[in-house]
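What follows is subunit A paired twice: with subunit B in the first complex and subunit C in the second.
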Partner chain A sequence: MSEGARRVLLALALAVLAVAAWRVAGALPMFGSATPYGQAVNALIPDARGVSNMVAAVNFDVRGIDTVGEEAMLVAAIVGAVVLLRGSRGEGTTDRAVRVPGRALEPRADATALVCRIGAVVTLVFGLYMALHGTVTPGGGFQGGAVVASGLLLVYLGDGYPPWRRLVPGPLFGVVEAGGALAFVAAALWPLAHGDAALANRLRPGEWKDLYSGGLMVVSNLAVAAAVAGSFALLLLEVMEETREVQSGEDDAAEEPPQ
Partner chain B sequence: MSLLPWLVAAWLIGVGVAGLATSRNIVHMVGCLSVCQSATYVLLLGIGFRAHAGPPIFYDHPPGTPAVDPVTQALVLTDIVVGAAVSALLLVIALQVFKRRHTLDPRHLRPLRPDA
Partner chain C sequence: MTPLVAAMLLLTAIAGTLVVLAREPLGQVFALAANGLVLALLFAVLQAPDVALSEIAVGAAILPLLFLVALAAIAVERAKK
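After this line comes the complex of A and B, so read on.
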């Protein structure tokens, strides 16, 4: 198809979209008015489940099956990316650093390593806090897992590739990702064995505003945190493995952190 | 005024689609797809918004105080996570395309052949 014909087609599609969007916008509820389903959740869940974070309650209890499917999508996308990245290389990894031929590799400054080490610890603790308090305060497994994975990236930034790989062995990420996803599916299937619906909350809800409030939500929240952290860490690892180019006879000494 | 959030969402998806259609770089297309996706964030958060209401987290204020819709916020949350994973997958595909065809321009891509 020629360039001109494509533009005409695009203009037609956008015109149709504009008309449709205008009609839909007119039919939507008034902006700022209360939506019945969400207000029912806000009214009923604090008493029924003992949690204070309604978003987590929707994710892990009210619409928990949706989240199981969404978790499967996440794991499938990550597995696809990892399979593509590994390609013919297989599962082999090395702990050599990324090296572009002909570019000098400056050792990192002490200040960089210090700031990144402090930042990595703070980020990891903050990510764990967000994941653990998912049913109480803003946060949850998805956000906490992503923050933990970015904390791992700070370790790489400050200390370089070999120390990063020594700190966390690669297969661990895969185990954490798959284990988290498996635990979430197991938490969804477990009530079926007792004749309940999937993800039915059979555990005690606990105290309102307590760290362990929410019953089964605590389990699914932690499982999702592990799966998300493992997924993104695995992705970071494989992208770095793929984009680096190993030169024969290169030494690792230049990549060591300054003493 | 009450139409503004929906118009912003429609505008975002419109410019995203326009960028996708005219793009000459696969990495740029992944960015355009993210713009399209942010239209869904605006739309969902706009639907869930309730005037003069707080966050749907009853920690500092007791249950029963007006709060916005938590369902749409949960949908946006899962939307963002899946979007990040799918963007990563698409960028990895772009990497493989560049390795095999040495181009990122979608107009120069032809159907895959076993000998290529």
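After this line comes the complex of A and C, so read on.
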């Protein structure tokens, strides 16, 4: 196709897109206005499920099966990334980080290590708090799990590669990730065995604003917390392994052209 | 729209533009992290704390780190040659 024809095609496509975007934007509810779906959830869920975090109620109950799909996507993506990274590197581990030759290595200040250690503990506790109170206050399994995993980074920041590698057990996070995903799927399938819909909330909803309110949502929330914390920790660990010192004979096989 | 929301939207536009305008890879990573932080603030101002908490963990901590590790791996590879 000539360049002139391409430009005409681009102009036509932009014109169609502009009209369509204008129509869609005009049909949207006003910025900040309440929608009927949100109002219905706010009106019904506190009595029906005893939950005070409406976002968690939507995620784990109203559209629960979508969340199972999202969780499966996250786990599949992490497994794919780990397989790719290990494929060229093998499963071996070492606690020595690689050095760029000629770059000065500044020792960490004691204050940095202290702040990071305190921050890591506070972040871990905050993440666990957020995951446990998923059905009560803002946050929940995904947010709590991601915060717990990002708190692990403070260990690396404060103490460097060798302590981080010794402190963060890879196989454990693999088990936590898979166990969480398995528990979520089991929670989705369990009502089917009783002739109910998938993820139907068959447990008692409990007291409104209580830590254990939400019935089956408590189970799926904790399962998601485990799956997400395990997933992100495993991803960080495997990506960080890219900066470790390569052991002899490990990377040579990968350098050869494919047969 | 309150003045606070308007100010946060403006800040988000500025932060996003800075990510595009940054040319150095290392600068881009930190501009991206700053953009994640600004987005988290915007979500908090729009009363969506759930989304803000996800964004701050993923957009301001985990994602920039993945890019930093990739840059480090490239630097090591270049130094070998």
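Rule of thumb we're sticking to: the second predicted complex is superposed on the first by the 221 of 259 C-alpha atoms of A that agree within 3 Å, B and C clash if a C-alpha of one lies under 4 Å from a C-alpha of the other, contacts with A are read in each partner's own complex, and residues count from 1 in each chain.
The rule is simple: a residue touches a chain if its C-beta (ideal position, glycine included) is under 8 Å from a C-beta of that chain, and two chains touch if they have at least 3 such contacts.
A quick note: this is a predicted structure, and the numbers were derived from the prediction, not measured.
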Since both structures carry subunit A, what do subunit B and subunit C do when superposed there: clash or fit? fit
Answer with first, second, both or neither: which of subunit B and subunit C does A:130 touch in the superposed model? second
Going by the contact rule set out at the top, does A:38 touch subunit B (first), subunit C (second), both, or neither? first
Based on the superposed arrangement, let me know which partner A:142 touches: subunit B (first), subunit C (second), both, or neither? both
Would you check which partner chain A:150 touches, where first means subunit B only, second means subunit C only, and both and neither mean what they say? second
In the three-chain superposition, say which chain, subunit B or subunit C, touches more residues of subunit A. B
For A:240, is the partner it touches subunit B (first), subunit C (second), both, or none of the two (neither)? second
Classify the contacts of A:112 with the two partner chains as first (subunit B alone), second (subunit C alone), both, or neither. neither
Going by the contact rule set out at the top, does A:24 touch subunit B (first), subunit C (second), both, or neither? first
Rounded to the nearest Å, state the minimum C-alpha distance from subunit B to subunit C in the superposed three-chain model. 5
What part of subunit A is shared between its subunit B contacts and its subunit C contacts? 31-32, 53, 55, 138, 140, 142-143, 146, 232, 235, 239, 242-243
Touching residues of subunit A toward subunit C in the complex: what are they? 31-32, 53, 55-56, 98, 100-102, 130, 138-140, 142-143, 146-147, 149-150, 153, 232, 235-236, 239-240, 242-243
Per the contact definition, I'd like the list of subunit C residues that touch subunit A in the complex. 1, 49-50, 53-54, 57-58, 61-62, 65-66, 69-70, 72-73, 75-76, 79
Quick one: which bits of subunit A touch subunit B in the complex? Just the residue numbers, please. 6-7, 10, 13-14, 17-18, 21-22, 24-26, 28-35, 37-39, 41-43, 46-47, 52-55, 57-59, 62-63, 66-67, 70, 73-74, 77-78, 80-81, 84-85, 87, 136-138, 140, 142-143, 146, 209, 228, 231-232, 235, 239, 242-243
Show which residues of subunit B lie in contact with subunit A when the two form their complex. 1-7, 9-10, 13-14, 17-18, 21-22, 46-51, 53, 55-59, 63-64, 66-74, 77-78, 80-82, 84-86, 88-89, 92-93, 95-96
